[in-house]
Structures are given as structure tokens and as C-alpha cells.
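Heads up, the next two complexes both have chain A, just with different partners, chain B and then chain C.
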Partner chain A sequence: MTPPPQGASTDRRTLLRLLGLGAAATAGGAALTGCSKEAGSSGSATRSDAIRAVLPAHRPADLLKPDIPGEGPIPDGYLGYPRQLVDAVTEQPGRGGGTIRSMSPWWGPTPPTLGNNSYLAAVNAKLGVDVSPSLQDGTTYADKLNAMLGARDVPDLLSVPNWEVDKVARFSDAVRALFEDLTDHLRGDAAAKYPYLAALPTGAWEYSVWGGRLAAVPFPTDGPFAWALFQRRDLVVKAGLAAPTSPAELHELGRELTDPAKGVWAFGSVFDMVQQFYGCQQTWRRKPGGGLEHKFENPAYRAALEFTAKLFADGLVHPDTVASKGADEKQLFKAGKIIMFQDGLGAWQGVQGEQSKVLPSFDMQPVPVFGASGGPAVIWGSEKPIFFTFLRKGLGADRVDELLRVLNWCAAPFGSREFELREYGVEGKHFTRAADGSPLPTDLGRKELGAQYTHIGGRVPVKVRSGDTPNFVRDYLDYYRKNIGLMEKDLFAGIKLELPANWSKLLQPTEDKIRDILRGRRPIGDLDGVAKEFLASGGEEGRAFFEKALADNGR
Partner chain B sequence: MTTQLSDPVPATAGGRPPRRRRDRRPPWEEPPTPLGVFGKGVVLTLLVAAVLVPLWAVLVTSLASRETIDAAGGMVLVPREVDPSAYVTIFNGGQITRAVWVSTVVTVVGTTVSLVLTVLAAYGLSRPGSVGHRGLLFFFLLTFLVFPGLVPSYLVVTGLGLKDSLWSLILPSAISVFNLVVVRAFFMGVPGELLDSARIDGAGELRILTRIVLPLSKAVVAVVGLFYAVGYWNAYFNSVLYLDDNDKFPIQRVLQSYILAGQSPSVSGAAVSLPGVTAYPPTLAVKMAVVVVTVVPAVLVYPFVQRHFTKGVITGAVKG
Partner chain C sequence: MSAAPGTARRARPQAARPRSQPRARPRAGLRARLRRDWPLLAMTAPAAALLLVFHYLPTLGNVIAFQDYNPFVGDDPVEAFLHSEWIGFGNFEALFTDPLFWDAVRNTLTITAFQIVFFFPLPILLAILLHSLVSGRVRGFVQSVVYLPHFFSWVLVVTFFVQMLGGAGLLAQRMREAGLRPWDVMTNPDTFIVLVTAESVWKDVGWGAIVFLAALAAIDPHLYEAAAADGAGRWRRLWHITLPGLRPVIVLLLIMRLGDALSVGFEQFILQREAVGRDAAEVLDTFVYHQAIATQQWGLGAAAGLFKAVVGLILIVAANKLAHRLGEQGVYSRS
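Showing the complex of A and B:
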């Protein structure tokens, strides 16, 4: 037998002592963490007149006349690639400053870095200054941001997706402490010095104001709708079925198309679109008697929930969607295993282009929007920019000017040589031309490009016809034109909201409960309980916050 | 009476030793019922299938053509052909090769550094009367309970100038206290008399460690080495925090970028359309080929260490 260890052993008494101290330290740590998240958690709203005062004066850049002019938030459409490109920027942006470090999100395999990447070399030669981009995984971007901002370690240019802003504790404090105030550089006519930044939509600039100061350059959205319900029109037509115009028809269509023996189900995720068909608001709407009403309080929400739960209960939803949140619905849709699912309109051109090469008859189309409950549908959307680009604080006016000139180059619009170089690289190397003149990426192009300059510079959004998606631009813009009138008016447009921490924390758990109701794991009747709990544990606080934001702005 | 007590194995002619019982079941246990054997067989088959079927699906999908994947609507279970194009794609790109190289370097260097540090620390802490061991052990154990936090860790790593260096993937996780406790417990099981006799023969502490303690502790060192190696190979989050240079990304980071490529981020009730982002996502076969590349080293190494596994872990665990 081995003798019991002596000396360095941790006997019971030592262990208890250790645990006691450890517990105290843990409690202390928790208290400290608590402190750090406390501040700023009640949210804030910047008045809309304060925002208007700092915006750049809008000057459209009419480089190339669009075939289908956009209206309001709808982007311009081009039915062909221009034969003649123009030089949009005549003076090199670089002013002899050192290498510019940038960081932006990317969702895919990362391209080679500066020094090993001929695309970066080509663009940097044009810029007259080296930009060294770091592409970080878009799915873990908030983790990285939290650490970097907390440690005050930021690159010269930092691109932040709008949805990450809410995930970063005390983001507005970080903006004040770490990023350059751009107001004096871009307010009003000062922006004329950077013509392509001045050409970005004012709706996008409005969101770039923090604490009454212009803090970032926006990357405008290329279509404000949040979702569309996509269908495999080729398969629906083949089955001899017509587009649904009512919930009953949609259900019937689902029944006709579902064939588990063949592994085919009619639906993937559809709940957000069903809510819109039923005329339910995205979050808040005005009550007739004043004040705000949450969608849980709207009978349309309950009707949409009941309808969607019935789709699940009747076995019309693909088992992968029933089982998990992360079902690869795009893959199932491409394979014809689901016939309808909801996705952002941004997914449309990519899927259609890719799949029509494999299956020429492949036809992805949005289901025409219909009102489900007598009244019209309500389409959710917003002009919120996709990204914000911040400039590191304390670089000095000359360097800020140089960086803005670089961003101005990166914002050069469609029809310019700068646009082509930025989006496709060098002709013959990163892309070749199709018969209609549009660029087709080469293998090197796919490997070396990762939106390194696109995601830091805003650009006026456009939709351009490509060889593999000949009908896309018309279809896309038609869908927008038909439905833009149904788009829900953003009650808070032009007001910069920083949501209370309690509100943000509440959303996910509530969403999970609703998922359970949809899947039949909880009865429909539980909705009342879920709604009550939601309002009691932060929902009412949220209502007060949003109502105050409206009242402060005289709305 | 005598017949009942006699040896159940009949003596064989020619003095051959008695045949060994095949099932090694103790004589007082009843033989298994057919139903019991069948039940066990079913349960074990299901368990094995739960592990092997996903691996099989990954392997088959990585070798499937695009048409087969489309026909299956995703993961493929029944192979129809062997199409190596996914592997050609990933090894032509350069990124995977580089990432495998980075991960190999980090795993080899990291495991060496970790083992040296863990063994030295564990030996010191396992010897009675070594200087300051109570305080040191306390600090080690404290890290079980208190995590330093994201921002302080980040500040330390950047303050030491490790950002964008591969050392940032090694040093912050160089010592796992769990492994340290396991090794220390194992070392404490080495009989004190052995060490005393070495001391009488004039051996110093380093000689005792390398000539006596380590040779007796091969099992635990092998197991802890495996833990470290697998940990380094699978490590992901430190590279998210500390590496900006895309050329230094380890394989898990690259794997993640392949797997999630082309999925639109969805933000509280709204899909985000990302212009240009979803244009060229890698195919499912390519994604699965990357998974295979990341899994293969672990599958290759494990059988060689497996024989030490039970001994190393159990001894460490029960002597704690």
C-alpha cells in the first residue's frame, strides 16, 4: 500500500478553507461584473432634430443612368453591365500616411493577407496607401468586439454590423472614447469633399449618429424588407398549383405538395412571413387611444401563431425544421425537399444563380404577398444600414482626411472603374468577361476577394443583372414596387435608440417559448402566459422606454 | 459431496494445462440468458452507431458529387461514387494546408510546453515540504473557481506583445489545473521509499524526477499529453480573440469559416441580406472534406494512447 500523501496534501480542512476563499472571490468577481454592465443599461434615445443637424448634405452621384430607377429605399436596377466605365476618383486618396489597419466581418473562408494577395496589391496601388485588412468571422464578431473595445485596442478602420451593436456592453461609451467624431468633417456641405460619401442615402446616415454626433460611415442596405416567403415556383407550377391568396389556400397548397414518402415537405420556417400576411407589426404599433401596443397584444399575432402551429401539427413542415433551429433550409430548398421557406431577399440572387447551373429549370420566386385576415398584409423592414465603419480616435485631422478619402474611394458607385476593381478585382486575373460584358470571377478571384474594401466603405446600393440570373433584377424590383406600400412605417425612424439591457436580454428566452408553442410542445393557450411574463419581466419597461422616445421627439 | 467440490475443468490427458475460460466470468455467476445477450448487443450496436453513423455520413458526403448531395437533400449516407474534387479544392486553395501546418506546430509545441510545465509543477507540488507549495497550490486551484475574464486576459496577452503571435494560442492555456491535479495525484502515489533510496544514492530532485518518477508515470503523462494535444488541436476561441492575421488561423478557425459560410445572419426576427457575401459559398462536400481533415489526426493518434488511458485517468482520479 502506498502511504497516504503528506505535506502538500489538501485535507478536508484545507479544502474548505480554499473553497471559502474561492467563493468569496467568485462573489466579488460577480459583483464587479455586475457593476461593469450596470451603466448605460437603461438605454438612451437621441432626438431626431439633433440628428438632422449633423447629417451630410445629400448629393446624388449620377454616374450612370439606371434602367429601373429606385424609389425611396428601393435600389436602382441595371439590366446590363455597362460597356463603358468611367473614372470616378481622379486624385489618389493616399496622402503618404502609413499602412491602414482595418477590420471587417466575413462569412466564409478567409482570403490571403497583404503581401500574398494580388487583389489587395492592385487596389492598394490605386489607393496610393496600403490598407491591411483583417477579416474576422462574422458569427463570433461580437466576442471579438467585446474584448477589443474593452481593452481599447481598435484598428484604424473598424466595421461593425448593426446587429452586433446591441450585443456590446456600453457601446455608446466605447464610441465616445475610442472613435473619431466625424461631425466636423462631414456635416452639411463639408461632405462635398467626399462626393461618394455624400451620395449615400440620408436614411442610412441618420442611424450613424451617436450622442448627437456623427460617428460612423454607414453601409446602406440594398433592400429594406426583412423577409420574403420563397417558393420553388418550378415545382409548384409542375404540380399544377396556383399561388395562394388566403391562409386556407396556403394550407391546402402545403397539403398537396407534402409527400413524406418522397422526402418532400411543403414548408421550412415561415412564421415571420405568416405574421406579416396576418397584418401583425414587427414589434410595436400605435394604439388608437395613444401609447404603444406590442405584437403579443395584437389578435393578428395569435391568429398567425395558430395557423403556423397547425402547419406543424399537420406534418407539413420539414422534420429538420421541426427538430432544430439550425436546419440548412437553403440546402433543402435547393434539393426540392422543402418547397417554401422564408429568407432575406439578399439570398435570392445567390441561390438562383448557383442552382440554375445545376438545374436550368430551377426557379426561386417570392410567394406574392396576400392579406390573411381581411385587411392588408404588413411588411416588416427598415432602412438601418448593414454596417457602420468607425475611425480610430486621435489620429489627427490629416490622417482622418486620408481615411475618409479612402472610404470615399471604396464608396465609388456602380459604373465606375473603382467599383469594378473593388468588387471583382483585375480583369484577366480575378475575373473574365461574359458575352454581355459582365464580370465572371475566376478561381483566383474567389480565393482572394472577401469584400475587404466593400465592407468598410458604404456604397449606393444597386441591383445588376448577371448572366446566370437574367430575370432577377426585374423580379426583385417588381416585388419591392408591388409591396413597398405595405411596408410598416418605422415609428422610430431617425431616432437613435440604444435599447435597455433588460429588453435585449428578454428577447431570446421569449422567442424560445414561442418556438415550443409552434412545434406543439406547449399548448396555444400558453401564449397568454408567455405574453404576460414577457411584459412583466421587462416588456413594460421596454414600452415605457419606446413611448418616451416618441414623446421626446414630439411624435 | 466430493464430486460437487471437484474442479469443474476436467484434467486432460497428456498433462496439457486446462483450457482458459473464454468469458472469464467468475464461477459463481450464472451464464447470461440469450435475451440478455441480445439486449446488450442491441444497446451496444445503437451506441456504436450513434458514434459511427455521423462520421460515416461526413466521410461519404465529402466524397459525394454535387448531384448526389442535391438528391439526398444534404448529408449523404449511401455512397454512389467517389469524387475527390472536394479534397482537390481545399488543398489547392493553400488556406487549409497552411492552417493544418499552423495547428500542427501549435499542437506539438504547445503539448511539449504544457507537459514540461505541468510535470515540473506537479512534481514540486507533490513533494512534501517543497517551498511555498501550499500557497502555489491554492493559486492553481483558485483558477478552478474564478475565471480571469475576457478583457483582463486580452489585456495581459496584448500587454505581453503576444497578439498576432502563435504563442497567444499556447501560453494562455499552457497549464490546465485539472491535468496538473491528475499528474500530481499520480506522482504522490509513487512510493516515498523509492525516492528516499535514490536520495541516499546521491540523486538530486531533477534526476529523481527524470529517472524514477517519470518512468513510473508513463501512463498518466501519455494521457495528459493526449488531453493537451487534443485541446490544442481543437482550440478555437483564443484565435478569435488574439489573431488578426488571417494567415495564422488554425484549422478549427478555418473549419468554422467553411461550415458557416453562406448562412445569412438572422437578427431578432429579420434575416440580414449581405450583398456579395452569399455569392460563392463552398459546397457541402467541401465543408465535409474540411471536417474530415480536422478529425483525422485525432482518429490516428488515439489508438496509440488508448492503452494508457484507463490506467492513467483512473489512478489520477482515485488518488486525488
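Showing the complex of A and C:
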């Protein structure tokens, strides 16, 4: 239920992949003589018009009219919980097949597995077939995924976050070798057999096509922004401070809030949000005269880097963030040891709901977006689905049908009994009802639920008011409505880019150098050298690759 | 196996011959030996099978060091091996022409050298110290306490150090209370090598002492008694009895450590990489992770693995030769 920090990887990885462009040049320049040849694929881009022919015909299946209707990528909002639920699925999905193994990411303590988990037992009883989920830590999901794909040993249902897809070299080869082609099951009107899959937005399906074939069921995004800068508004207000409207004010706010003697520092990780305040692009931006500009060439990036490096230098960043890769900023934020940090918006409702029990005044809010040095901010985002669910290849048409029926059940919309069971578990056991009828998770619910069925099943995204987060839906949708105009359009939306394997080789080294500057181990002046080296050793090649992908698609 | 009773019986007629004659024992026929030794063979079979399946068979996978390996070609994993393109030494060239690779190798060797000097002797000292404790209960207690950290994962060890010595840790907060400027222990690239060694010592010094304690227990106590009767003091007994008694084990472990010179651990470094930066924290294993595993250049990773194995083998053989020259037994004996 805690949606993932999708931004955590998307933007950074995209940057990294681009940085990796240099490898091709380095390796190419080296003397590869005699019988030696260079390793790694050289990348490709699938044209977006090849995709439309295989998409399912869209059929909306909303059960309830939303209180705040969504717009574009912003989901519908519901301010009340329905008193009457309906049965969305009348026929049991299970067809007597064996246990379905699934794997999906989860950001939190691992719930008990099948056999020791009453939530799984309850849902499986409804499904009429056993699903045995394996939940893996979302932050290290790539490690499991790489090994699994490399060994060609995948479960029946595999959920893959979009940012991990970008990291897997030769992913389209993997799709062809390991996963079922769903085109014939879901193309056009065939999808009507699975009404809640057919109800998923067409935009999300567009991303689920590999090599011209429909290969996965998408999990549409519930809001396209990669990050927000979250603050403990209760603590900021208590200190009598106002929201910042400029970088200088943000720095000043940080200085006022930091109190090492009490173990309190103003900031956790914030660099990505600072870049957005300064109006810097996530990676590429179209130049007025044509062609693409990399963020390293934008003075805004340098200013953002300089500002953030100063936060580190002035001791306003929590030492745990400075000291270790695994700093648990969410915990420090909950405990009031960090006042501001960046996270995906998906983290919001879960943390607010959980902490409002511990501290009634707990108030997690995004810092209102402001622009630096007169210019407007930009927001990074993408309407890509958060996850893709793949079906293992070679299961046979009947089993594929059974799995799709299960996924269809898992995609049942808000207002249905299936939705409630999937999201909250069994009443009286995993949740109790607040006075307004909305479910309140119990401790058992928090322990046993880990989006085992949600993360594999698509679902049309909605935001629902819950008893422990009474203001959340309005706050969430307001933040989106206010800032959606600032979102920078994804130039490559709908183009499936497969970047050359060799490129990724420069990612880590360049990220290391930028981090050295951030942490004060190198002077800010080194940025020119880093940028130059990056462009010379492959960045220019990347520019050519991306410009060609745009030109091929007539953009 | 020659100690089996059956052997002795069959070998009896020749038993009187001098040892220098190698053909002292005629080999029994295969069937006869099988009949005689089958219980022993049956007992070793599972271990041999495990070795075969989990060590020798995967070793064949090293062929991908010479391939542009794509795990997704063909219909199954074996076909992926067969159908991936052969590129000769391309992966090795990419590796050896990469300055980042040599940075990582240099860091790794520096840390190994530093730890051989500052970490390797500590378990020996600890073992001698523990051995000299008279009270068995105190010794048992101390042993348990110093073994325990070995079973902690690196995540825990690093977290523990951050909580104790980090900028928001116990030490820093106490120093702030006392009006002092906290030390920068966890994020200083210059002293990183001392930090990782300290962490390793804290984690593994007790564990490392076990084998030395066993060696100490094997020293004949009569030697000490005799030496004491002859008037040898504590230090002379340590120098002339204890250390010579430990020497074969010390040499053995030192040689094995040299064979592992290019491995200094992985998690410990990847966890602290951001804190001190690549220049200080990049070791060979993290290099392989970032440049080969994370980017799925499996062939490159295999090439780095082979390089490590070859260097390790050369070091072990060389160190063993040297040990033989110095009259030690080494890892394996000469004859």
C-alpha cells in the first residue's frame, strides 16, 4: 500500500545511463586489436507508431463517481468511503491450476509468507487458487532481478519497476526469451474478457509493448512526479518559521532548524529537488535552436550543485546521510531528527497515517515549490507505469488465461469488495472501521499486508481518504494541481529506448565525481572538468543517439 | 587410506623393505580395492558430488570471460553459452585499459598490506593472552564476547560504528555536550583505511583467534614445565616455545591470506562508499559490482574474476615456495 519512491531511481538512473555514454568512446579508442572484439549491445529505439496496433480496447469500469475527478495523469480522489460495496468479480478466477509464484517489490518489513499469513489465506480463498508471493526489498530489487533474469529462472508472475527495466541491459532479449507474449490474449476487444485490465489507461498500456508485442500488464502511476521535498510542517510551524520562497530562505530555514546538540539536522537528501527549484532539466532539454542540451551544460545545474554543496559544508545535512549509503531517512524524519528530505509522493499517506497514531500533531507536507533566481521551477516526472507484471513463458494458453483472470481480480476498482480485501484485508482482523466507514489498519494488517496483490495487478489509481489521514486526499491532489503546469514534458514519452550496454560503464564514475563535489571532497570548480570529460568521452554520442530517436519519431 | 587394516595385511610381505624404495606396495586390482574400500568411497561420494556440482561445474561458466555473453539467446541457459559471440580477449583488454580498474587494484592491495601488518598479528596476540588466563570461566566468557561480532552482518557493524562514532553518534554528541568539536571519523577519506581495519578487527579478531587457540592447546605442556625448571622466564618461554609452536599455523594462514590479496571484502566498502568517495573506497569487488554486475557486463565480471584467481594462485604458489625454502611446511608439503 505504500507506493514506492519511484523517483528514487528513475531520475538518477536516467542521468546515470546518459553519463555512461562515454564508455563506448573510451573502449573504442583503446587498441582492440587482433582477435579481440568489444562486448555489449549497441542499443536501439523502437518507434512509437509500431505500438498502437496491439493495445487493448479501453473500457472504463468505474464503480463510483469521484469527489475530485482526476485530470490527465492525476488520479481520481474520493473524500468519503462508500457504505455499500459491490462485487466486481462474480466468477472465481482460479481454474484449478497449481500454486502461482509471484515476486514483487516492497518497501518495508517483509510480511509473513504463505501458510503463516491470514491475509494471503483470505485472498487466495477468494481467488480459488493459491498465489505464493515473494516480496523483495524494493531498494535492492535490481540485485535479485539481475540474478533471476541472468539465470532465466523467473516466477509465474514477475513485477518489474520501470526504473529497473531501464537498468537491465538487453531487456527486450529477456522479454522475448522469458516472458509470455500477451498480444493475442489482450489485443483490441479480446481484452473485454478481463474487464478491469481493459479499464487500465491506454497510456499505460503503450509502455507495455516490447518488440511490437504486448508483453506485460502495467501498473499505472498514481501521480507522475518523481519527487517532493517533504517537511515536518508541525515542527517548522512550532519553531515559528515560514515556508521558504527562495534558496536563500531555504538555507536560512535550514540554519534555524539545525540543532546538533539535540541531534536535529534540517536536511536529509535534497539534491534532486534543489535542481528542480533551480529549473534544471532531469537530463535533456530541447535547445531553442534545435538539438538537445544536457543538464551539465545548464548554468542552473551548477547553481543547484553549489547550493547543495553549501548545505553539506555548513553542516545542515544529517551526519547519517553524509556517512552511509543506507541512512534510513524516513525513520529519522519520523523521529524529527531530519526536518526536510526528498521522497516519492507515494510515501506520504503511509507515513502520515502511521505516525498520526504516535504523535497526533505529526504533519508531513511537501514544501511548496518555488523557483530560484527569478526563474520558475520545473518538476521532473513521467507518466510511465510504475511497475510491469510479466507472465512466465511457456505456461500454456489455459494457465495464461487463469493468471490473467487473477490479475483482473487484483485490478478490481475502488468501491468493490475485491478492492477492500486487496487493500485492507479482512474487516475485524486486518482493519477496523472508523466512524465514517473508512478502514483503519490494525497492527496485524500492517504486519501481514505488503501490496502482495496490488503490485502485480494494475488497478486504476485512486486516492482515498482514510480515517487516519483525513486531509491527505485534498493535500495530495492540490499539490499536483498546483504544480502540474511546471512538469517538464518527457521528450521521449512512448519511445522505447534501449541504451547500449557499454554506456552504463561511465555512470558510476561520473556520479562518484558529482558526489565528491557535493560532499566537499572536490571544489565546485571541478564541475567544468567533469562535464567536459563526460561530453568528450561519450556524452556527445549520447546526444546524437537521443536526437536521432526524436528525429525518427518525427518530434 | 593406506592406514586401513586391509592394506596392512596385504602389504605385509613387503613391509620390511626400506622406505626409500617406492615400489614397496604393489597396487591391488581395481575390483579388489573397490571391494575393500567401498565404505570409504561411499562416505566421500556426497562431498565429492557437491564439490563437482557447486565448484567444478560452475567453473566451466568462466568461458563467458571470452564472450560477449548474452544470457537471453537460445532456448535455455546452455544454449546461451553456446550461442553468445566469442570475442577473444576483448573483455580483458577493456579491463586492463581501464584506469579505474587499476585504481581499484591499487586500493585493494594497499588495504591488504595495511591489514597484514595491523590486523593479522592481533588474533595471535589475543589467543596467547586468552591462553594465559588461568580461570576457565573467565576465558570462556571473554571468548564468547569477542567471537560474537563475527556473526553480525556488515550492515550491522557499519551501523554500529556510525551510531557510536558518526557525526550524530554517541561520541560526537558527548563531545558537543562538553563543548568540543566532534571528530570526523566516519567521513574522512584520509583515515578510511584505519577505519575499515578497525571495523574488521572489532568484527573478526575473536574469530581469528580460534585457530591459534587450537594450535596453542596442541603444544606439549611438558615443554613449559621443563623450560620453567631450567629457569626460563615468561618471555623466554613465549619466544622459544609458544611462537615456534604456532609458526606452522601462522605461515599457513599468511599464505592463504596472500592468495586472497585481491579480496578485502565487498559490503563493508559498498556501504561506506558514499561517505568517503570512490577514491578511497573503491576496491576490486566494488569495481566489478558497479562496472560488470550492475551493468550486466557478465563477461567483463568473469574476466575480472579470472584475473583475481590467477593472481591469487601465483601468490599462493610463490609464498608456498618461499615457505619451503625457509624450512616451513606451507599449505601443502613438498613430497
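As a working rule, the second predicted complex is superposed on the first by the 472 of 555 C-alpha atoms of A that agree within 3 Å, B and C clash if a C-alpha of one lies under 4 Å from a C-alpha of the other, contacts with A are read in each partner's own complex, and residues count from 1 in each chain.
In this section, contacts are C-beta pairs under 8 Å (C-beta built on N, C-alpha and C of every residue); 3 or more make two chains touch, one makes a residue touch a chain.
Just so you know, these numbers come straight off a predicted model, no measurement behind them.
Undergrad: When both complexes are superposed, which of chain B and chain C contacts more residues belonging to chain A?
TA: When the residues of chain A touched by each partner are counted, B comes out ahead.
Undergrad: Pick one for A:K505: touches chain B only (first), chain C only (second), both, or neither.
TA: second
Undergrad: Taking the superposition as given, does A:W380 touch the first partner, chain B, the second, chain C, both, or neither?
TA: In the superposed model, A:W380 contacts chain B only, not chain C.
Undergrad: Please indicate which partner A:W265 is in contact with in the superposed arrangement: first for chain B, second for chain C, both, or neither.
TA: second
Undergrad: On the A-aligned overlay, A:L345 touches which partner chain: chain B = first, chain C = second, or both, or neither?
TA: In the superposed model, A:L345 contacts chain B only, not chain C.
Undergrad: Return first, second, both or neither, reflecting whether A:A174 touches chain B, chain C, both chains, or no partner chain.
TA: Only chain C is touched by A:A174; chain B is not.
Undergrad: Just to be sure I read the superposition right, which of the two partners does A:T110 touch: chain B = first, chain C = second, or both, or neither?
TA: first
Undergrad: Is A:P161 touching anything from chain B or chain C once the two structures are fitted on A? First, second, both or neither.
TA: Touch partner of A:P161: chain B, not chain C.
Undergrad: Does the superposition put A:L135 against chain B (first), chain C (second), both, or neither?
TA: first
Undergrad: If you stack the two complexes on chain A, which partner ends up touching A:G150: first (chain B), second (chain C), both, or neither?
TA: both
Undergrad: Report, in rising order, the residues of chain A that make contact with chain B in one complex and with chain C in the other.
TA: Common to the two interfaces on chain A: residues 26, 146, 150-151, 263, 320, 337, 507.
Undergrad: What residues on chain B touch chain A, complex-wise?
TA: Counting only chain B, the residues touching chain A are 66-67, 69-74, 93-95, 125-130, 133-134, 137-138, 141-142, 144-146, 149-151, 154-155, 158, 163, 184, 188-192, 237, 240-241, 244-247, 249, 253-254, 256-258, 260-282, 284.
Undergrad: Along chain C, where are the residues that touch chain A in the complex?
TA: The touching residues are 67-77, 80, 85, 87-94, 97-98, 100, 155, 158-159, 162, 166-169, 172-173, 176-177, 186-187, 189, 270-275, 277-279, 290-291, 293-300.
Undergrad: Spell out the part of chain A that touches chain C in their complex, as residue ranges.
TA: 20, 26-27, 30-32, 34-41, 142, 146, 149-152, 167-170, 173-174, 176-178, 260-261, 263, 265, 318-320, 322-326, 337, 501-502, 504-505, 507-509, 512-513, 515-516, 519, 521
Undergrad: Mind pulling up the chain A residues that touch chain B in the complex?
TA: That would be residues 2-3, 5-10, 14, 18-19, 21-23, 25-26, 29, 33, 101, 103, 106-113, 116, 134-140, 143-144, 146-148, 150-151, 153, 155, 161-163, 221-223, 226-227, 263, 272, 282-283, 320, 328, 330-332, 334-337, 342-347, 350-351, 353, 358-359, 380, 382, 386, 423, 441, 446-447, 451, 454, 461, 507, 511 of chain A.
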